[in-house]
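Pasting the structures here.
Shared between the two complexes below is chain A, which pairs with chain B and chain C, respectively.
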Partner chain A sequence: MTFILNFLPELVLLVGALGLFVVALGESQQKFARTVALLVAFATIGAAAASLNQHADLFSGAYRVDQFSQLVKLVLAFGFACILLLSGDLPDIRAEVKPEYFLFLTLSVTGLVMLVSCVEIVSIVVALELSSFPLYLLVPMRRERAGHRSQMESAIKYIMFGVAANGIMFFGLSYLYGLTGTTHLFPLASRLAPVVHTPLAITGLGLAFCGLYYKLAIFPFHFWTPDVYQGASNETASLVASLPKVGAVAVLIRFVSLATPENPAVATMLIYLAVGSMFFGNLIALVQKDFKRMLGFSGIAHAGYALIGFVALDQAGFTAALYYITGYLFMILACFVVISRVSRDGANVAIEELAGLHRRSPLLAATLLVAVFALAGVPPFVGFMGKFSLLTAAYAQGHLALVVIAVVNSAIAVYYYLQVVRQAVFGESNPAAVAEPLILTWPTRGLCVVLIVGIVALGVAPGTVIDTIFHSLAFVHSGPATALLGR
Partner chain B sequence: MTQLQPMAEFPFYFFAFLTVLAAAGVVVNRNAVNAALCLLLSFMGMAALFVLLEAYFLAVLQVLVYAGAVAVLFLFVIMLFDVKGGDPRKPYQKVAAVSGLLALALLITGVLSLAKHSQLTAAAPVTTTVVGSDLKDYGYLLFTKYLLPVEMTGFLLLIAMLGVAMLGRKQGKETGASIQEAGGGRPETGGRRLETGDRRDSLSESRVP
Partner chain C sequence: MTFPGSTEGLPLLSILIFAPLAVAAVAALIRSERGLRWWTLAGTTAIALFSLQLWTGFTAGTAAFQFVEHATWIPGLKINYTVGIDGISLLLVLLTTLISPLCVLCSWSYIKTRVHEFMLCLLVMETAMIGVFCALDSILFFVFWEAMLIPMALLIGVWGGPRKIYASLKFFIYTMAGSIFLLVALIALRLHTGTFCIPDLMGQQYDPAFQCWVFAAFFISFAIKVPMFPFHTWLPAAHVEAPTAGSVILASVLLKMGTYGFLRFCLPIVPYATHVFAPYVLWLSVIGILYGSFAALAQSDLKKLVAYSSVGHMGFATLGIFALNTSGIEGATLVMINHGVTTGALFIAVGIIYERLHSRELAAAAGLGRFMPVFTFFLGAFCLSSLAFPGTNSFIGEFLVLSGGFSVSLLLVACAVPGVVASAAYNLRMLQRIAFGGTHNPEHHDLKDLNFREIVTLAPLLVFVFWIGLHPQPFVNVMHASVQHLLAQVGAFPR
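So, the complex of A and B:
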């Protein structure tokens, strides 16, 4: 009985996935499949909330249910429900594969939910694949039409980069296994500690991070990002942009905590990657015309910000990184709600097409403004608090130069975010046909309000969330709670 | 389960080089049949490495599944598609030459720095128990210690199967006509559909930077 409670979110998702499989076997039951998927999503939220305070080691220690994993599962389940709500009737997915779309979506979330609990290398690898494979298949499900076949190109780019990054990761993991002789992360950490300064251990750790950098779209592993965002349908892009990053940060916390705080090599490596991601993402986002592509480059920059938290290599830094990526989930989903509602027939949205949005739909315009200001790091929103806690954590460990570079990058980013705002608020939509009002359904309105409230609430009152995350990260070795917002 | 013996050095290096060289051959070869045969050779080298590790069961599996089934399946598919030779080699572009030189410089720097510090032997190798030698031990481990990955692999296979079915299915009615014209439905030209298609919207051309 306790096993069922401990494993409840996964069980709900797995049973839901099998149910969707049965639904997908019939004649294209699109509406029914969507209802089932939504039910699964809300049931998963409930299950994750019910098992929030469980502690257990399942499957002979390969699977750890603790506060950290359950918290991330709750966030993932929430994001899953949001993506289902914003995807609506999947206007840009081929009609005959719409039920399968919901099936693959559910399976990908299942993989991520299992990923955050795995503490054994083989399980982590399989869970990572379980979350990636459906994504590879969701990208080419976009409809083909005249002059638009880029989804196949982006799908091939996505899978090639994914396979290569995973191969590099497995290579690094094999080094770690060879050094320690165990695949369980906790014994591995203690056995790795005496040899963590040797080149072999650093090489192993560095290579092992690569698969997660790919998921997060960190600078040298980012090449797929803009093309996949642009080539995939709006709904798929909203999934690729949000949930895998949360999962990757959670696993990266488990991996990076293998490196002790006084390990300069790992910290230096992370600093270079963070700086590269921030500059690359922000500078190229400046010239983008397609909104999704711009979000892709800005996503690279935001992954760089999240990496700043890892540079500190302590509990405060990891807390800040997880808090930031949770906030990022809200911000990016809010942006994608606007994209999928503004886009006509599921086509990509250029930034100019946002012109006059405040007249067409005030609620969407408000959602866009809140999301974009939050991404830019304007004070009352979660983006500001997230960056602030990241920089505090890095500064506490003496990384002054990194803090300065991050602030400079935030300033660069303001330019292209404000361009979006300028179009949405002051832009004039000249053809009258485009200016027709957008009628939103009630679920969409509810989703917009929830996301706005989430972005504001996480930014105004971050105390509870940060405290909860901080305590859930108690398994990280570091002793006294170092400076984070004066705590 | 027996403790792992230190491997005999010469056979190890021989088979390791064979595996890596054959794998490089898969990438370099323009002819699909030659590439598939190189892949087969690489799998065989891997099986030999498993034998050296006393993981006889894994070695047999490697030969049966990978060399026997997967590589031969590749050959069958190539035969059915009737792939003619390889594409003619294009002359190297300047970008490729420069990036190749950069990668070479990076490799040389890495090797030199490694030779200078040469601390790779500092960490003592850990002796572990052999897993793949005995079928019974192997099966026992799979269904106790590694139960979770095994079960998850089941779902992974389900995804792979469904994905292949979905991608292999003919396109829907709304675009069916145009694709039939391009010969997309038939296997002979299926692989070339992307090349003959309308490339105006291609990502690589619309990229801004």
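So, the complex of A and C:
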């Protein structure tokens, strides 16, 4: 019975995926498949909430259920439900594959949910692939428009980069196995500790992170990002942009905590990657015209911000990173709700097409306003509190230069976020503007309100969330910043 | 830290900070625009009357923070919700609550589109502004400080003039770029001392080099907000394009946040660096006075004229602050209040002209005086106040500032004097043209003089012009102890 409770979220998702498989076998029953997927999503939220305080080691210790994994599962399940709600009737997916779309969506989430519990290298690899391959299939499911097969192009890019990054990751993992003779992370950590300064260990760790950098879209593993965001349908892009990043941060925490704070090589590597991502993402986002593409580049920058938390290599830093990426989930989903509703017939949305949004739908405009200002890091939204906790954690470890670079980057980023606000709210007359009002369904309205409340609440009253994340990360050895926090 | 001034009973400051939000929440539910205007007016007026309790309950003889409330906010990051006021912030809070209902009144017929959003922005602004002046936790301060950007950018960007987008983006990016350094400085102080509590940050023995870096970070963000001379370029654009209420808030309250920041952060927290940098800041202030006044003299757009005069007046405020003596700082605080009253009134007056003529050109407004005698009376009083005519409020403030500056350097004050003369020149030029110039302007014949609402808008400010001008003692009394305490904190650090 406890086993079932420990494994409940995964079981719900697996059973749901099997059910969707059966549904997909019949005549295309798109509505029915969507209902089943939604039920699965809500059941997963319930299951994750029910198993929140479980602790167990399953499958000979390869699979760890602890507060950390259950917390992330809850976040993932919530994001899954949001994505299903914002997907609506999948206007831009080919009609004959719509039921399968829901099947692969559920499978990908299953992979991510399993990923955060894995503490053994082989199972991490399996879970990572389970979460990735359905995504590779979801991207090309978009309809063809006017002979352009851009969805195929982006799918090929996505899969090629993905497979390459995973290959590099496996290569690095083989080094770690060779050094320590185990595939379990916890014995691996203790056996790695004496040799962690050797070039071989650093190379192994560095290479092993690559697969996760790819998921997070860290520079220079980002090349797929803008093209996939643009080429995939709006709904698929909302998935690619949100949940895998949460999963990647969670696994990265498990991995990076293998390195000790006294080891400067890993921190230095992370600093360079963070700085590269921030500058690259923000500077290129400045000139984007397509909203999704802009979000792609801004996502690269935000992945860079999240890495700042890892640079600290301690509990406070990891807490900040996980808190930040959870907030990012809310912000990016709020943006994608707006994209998928403003979009005409599922097409991509140029930033100019947002013009006059406040007249067409005040609620969507408000959602966009909150999301964009939150992404820009303006208080009282979660984007500010997240950045603040990241900067504090990094500064506590003495990374002043990184902190200054990060704040300079947030100043650069303000410009392109304001371009969105300007179109959506400032009420310019624009030839591209469409006048007819957007009527939102009640689930969409509910979703908008939930996301706005989430972004504000996580920013104004993050005390409980930060504390919970902090305590769930007890498996990380504590560093000086943690001591500074007075614990 | 324990606060001796902590009082049991009604959490006055929290009520004051969050009351505008409560008014906004109800306002969002009101359907009719007329009802909405009346509700917002009633709400802000009630808040203004409520804030008088601070004035009556304030103990003037002590420098301790009063009405202190303390609660844990985010324990994981050691951020607390701590609010409290001293004599300096008391005056600024009262100024804010006074200005808010006037902003509703002066937008009564000016704002015709998206009235709901407009009122929400005004009310959110009020919460953030009161919050900035009350916050005693540096992150709480920062949150309010930044939260103000969004409604202000919307006020300019949505309801502004022809170049509103440019002005709004410039305002937002400029201010945001400045304040991120403030955040870094606050984090640095926190890691040094282990607290975000502003009173606890004061009186610590920081390393001189550390102090200088922190001062530099503070200075960038506060100087942009004031704005001081090389950082002022966002101000004319924002003022000119903003709707009347936006200009009034910007001039009366937002600019004070920069000078308030100097008083609350720079002087007491990094006194050594304050002494090191004070001469340079003083000269920048003098340049600001000269630049602002002479630039105002050359303007033909009324709003630009008043905007540049703000640069000059705020130069007096920073001059007084960095003179680092009693009359300098008390004068600077009075200049802050006076500028809020007088320049706010002048922007309302320009708004009144604009509503009638749909032009802000000085030439178009020439000769209004013949047809609008009541308006001219008000304008005359405020212009005299703006040029620091004896008997008006600005005279007291600028006199104290100059006498404070005098004891620092004669040359400094001597250089600032042409600015005073120019300020008389541009104010009198404006008054002369509007009241008596070009009487054969044909389209002026059917102009209506001030209506009752407009008189009600301007009258409270006129009262303060003469109240502070003729009997400034109550205002000086409430801040005297706080200013002395502040000077003791600055002086405690040897030069």
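Everything below uses one rule, namely that the second predicted complex is superposed on the first by the 471 of 487 C-alpha atoms of A that agree within 3 Å, B and C clash if a C-alpha of one lies under 4 Å from a C-alpha of the other, contacts with A are read in each partner's own complex, and residues count from 1 in each chain.
Assume a contact is a pair of C-beta atoms (placed from the backbone, for glycine too) under 8 Å apart; a residue touches a chain by one contact, two chains touch by 3 or more.
Note that the structure is a prediction, hence the values are computed from the model and not measured.
Of the two partner chains, neither chain B nor chain C is touched by A:V450. When the shared chain is aligned, chain B comes close enough to touch A:L130, but chain C does not.
By the touch criterion defined above, A:V414 reaches chain C but does not reach chain B. When both complexes are overlaid on chain A, the residue A:Y395 reaches chain C alone and has no touch with chain B.
In the superposed model, A:P199 makes contact with chain B only, not with chain C.
Of the two partners chain B and chain C, more residues of chain A are touched by B. Once chain A of one complex is fitted onto chain A of the other, the partner contacts of A:R422 are limited to chain C, with no touch recorded for chain B.
Taken in their complex, chain A has these residues touching chain B: 14, 17, 21, 58-60, 62-63, 94-97, 100, 103-104, 107, 110-111, 114, 118, 120, 122-123, 125-127, 129-130, 133-134, 136-137, 140-141, 143-150, 152-154, 178-181, 191, 195, 198-201, 226-227, 230-231, 284, 287-289, 293.
Residue ranges on chain C touching chain A, taken from their complex, read 72-78, 114, 117, 139, 142-143, 146-147, 149-150, 153-154, 157-158, 164-165, 168-169, 172-173, 176-177, 180-181, 183-184, 187-188, 190-191, 194. Listed in rising order, the residues of chain B touching chain A in the complex are 114, 117, 119-120, 122-123, 125-128, 144-149, 152-153, 155-156, 158-160, 162-163, 166-167, 169, 171-175, 178-179, 194, 197-198, 200-204, 206-209.
Those residues of chain A that touch chain C in the shared complex are 319, 358, 369, 373, 376, 378-380, 384-385, 388-389, 391-392, 395-396, 400, 403-404, 407-408, 410-411, 414-415, 418, 421-422, 425-428, 461-463, 466-467, 470, 484-486.
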